[in-house]
């Protein structure tokens, strides 16, 4: 997994459904190529394979439901992600929280499969536990700020700093990124200044009038 | 929704992951066109949009996780299915059982959206409850036969017959289809003879060496 | 199961925790004996056996987690309810919604065990589906009114009436009771006038300053 | 929390339902007093308050469903445990796995409430993550051995030793205990020799013909 990184989560937003998922992913790809920075997109499950065959930047799954392929109607299997075109997976997003024991298995298996692995957590202590499982990155995201437009890097900088310290002390191989309420390039810059190695965001990019322009603003701080 | 119908569920089988989902769907499309019969395919979430833009036969979602689009990371929203290209949805498969109250809401909303709605249930009594919710079809599938190769139409014909009677008595507008263990054209024929209006199946088609040939065999009884 | 009935749900209220569960149950027992009416209490799981050995009126479980006794840490098994002293069970409360297929199995098994079975549902259509499963009673409770003090019998009488009609038409052996927002004897009376055969309520009794007095008020309309 | 400790989990075994829960707890109490060792019992939710008022040894809840008391029908609230008589809580048993984020909140809240907190985990890495959350003890239990009679201390000693090392290195304040397949005093002794500070077990005690005698055998190694 390459850092610093900007990860764009499309969630289940109507604004990123169907063909619009491909359009937003292509805008992200254009910015990534123009700036030479790392941007990954995480479309909804429904459009994952479609987006993956449409762009060259990394495509991440927003999560998984089971570990192994098989007779699992309506479930997304970790073991099928690469076949569908995914290069990574986000696990334990606060909107799709996982049981600790499953999470531990998924992290181990995803790394074996060669996927980038990002585990979300709501606070420093939980981030430390997540880091103990050995993902590439932990994304600390206070749930109360998600979707609010009040950036974690401005409104809860101490949460970010403490996570960077705790994880850095015990599990220095695990990168810390952050998210929640990130709306502007300035918010991204603040997050990086706090010691993180990237940002995970959703609505600011997905709901932007001009996706290319907004993603460009958000990605520029990665250059510094 | 058109009957009689053959619905092919790809589950999360590795044999139907990535590009293979498109290949199986195209084989089904070829059979549907050649025979002039109704075949729907239900790819895994990961390939839904990709399959939907690749074939003209109805594409069904294997299930959904939430009703409305929005900030639902790693969840599939009913409200995004049409945008992704789906024409219908399978709900309450025994591998993805739904809470009664959610199921009731999903059935109502899916019909408003113009989607075909199939609700699975394990036995006659539960099928009756499912039919009370007003889907287009109820698929009675004894879970103990799913994936066994022992066809419900041969090994539990009384389950099918009782479901057809119960649902027909109380909710005659709801079609009864069936599934579980269906492996051959003969099994499909037996299911139709018991009074059902279609068959839901998975492994027999997905794991066939020659998808076209197997689906042709399975679909032919629909002509009679 | 005897009708008309008043069922008092203690939920996980702090006001009904520990010894207070026994006190409220004893107040209900006193009213039941004085008036000669049917009152059942549904204490939290933690106090079920304790309450059951303290009173003679029927004690209902608020729900169950699994069907059979066994190696199910932190789960309540339907098969252990009678041993713990329960005479009935409430299933599918909107705060503990059950999967349709489980609910169907639990209803059947609970009746075999000789337990009173009440299934909750949020609206007429879902109540009809619940009734199809064959419980003693269906309790229609619009979730948006639960805990509000705005009684279903006053604010949504048409929901109650439609449920009584639908269930009565298809499954006349299933009694319809109701709940949500019931605060006073007047609310109970209104519910019975709409054709129901009982009321399920929680906070009005549990949070009352004087449990005996409040339960007396709520139970009196059962006499008429 | 006092160590070394023997924790007896009654699960949802029929053998420990109703009055039998009190009998087994009393046998454990007798052994604890006679030997002067630490034994805690974890009855099913249904009998928790009843057992707690019947014995003086610590009574643990087998788990919880929500954090705060309130309108949570059929859920056990952490905040009501003390009122019901519990002195501690077992979290994340493999039969009742918890989401990482919930688990983190529950551990923190349970400690604030003055409860003993034991978090189960299936392997060394997951145990490390569990220890990061700050419970009194982590119980490493390979799920494939639970209920088999093949003791973890004999069949997977390396799992126990690695957990003791990993947790001891990063979080030395957290005790490591173990469980799974423990059947005899010899198994308990082996577990303690591997560096653990206690044992969590279920069927060996619950299903014993003579509870007192079996618990005596299992507890004696704690004396050394």
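For reference, chains read A, B, C and D in written order, and residue numbers begin at 1 within each chain.
Criterion: a residue touches a chain if its C-beta (ideal position, glycine included) is under 8 Å from a C-beta of that chain, and two chains touch if they have at least 3 such contacts.
A quick note: this is a predicted structure, and the numbers were derived from the prediction, not measured.
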{"item": "Contact-richer chain pair (by C-beta pairs counted) among A-D and C-D", "value": "C-D"}
{"item": "Shared interface numbering between chain B and chain A [over half = same, under half = different]", "value": "same"}
{"item": "Euclidean distance of C-alpha centroids - chain B vs chain D, Å", "value": "45"}
{"item": "Centre-to-centre distance between chain D and chain C (centres being mean Cα positions), rounded to whole Å", "value": "33"}
{"item": "Separation of mean Cα positions, chain D and chain A [Å, integer]", "value": "36"}
{"item": "Set of chain A residues in contact with two or more other chains", "value": "94"}
{"item": "Parts of chain D lying in touch with chain C, wherever the complex brings them together", "value": "9, 11-14, 17-18, 20-21, 44-50, 53, 61-64, 66, 69-77, 79-81, 83-85, 90, 93-96, 146-147, 202-203"}
{"item": "Chain B to chain C touching residues, read off their complex", "value": "92, 94, 97-104, 108, 121-123, 125-126, 128-130, 132-134, 170"}
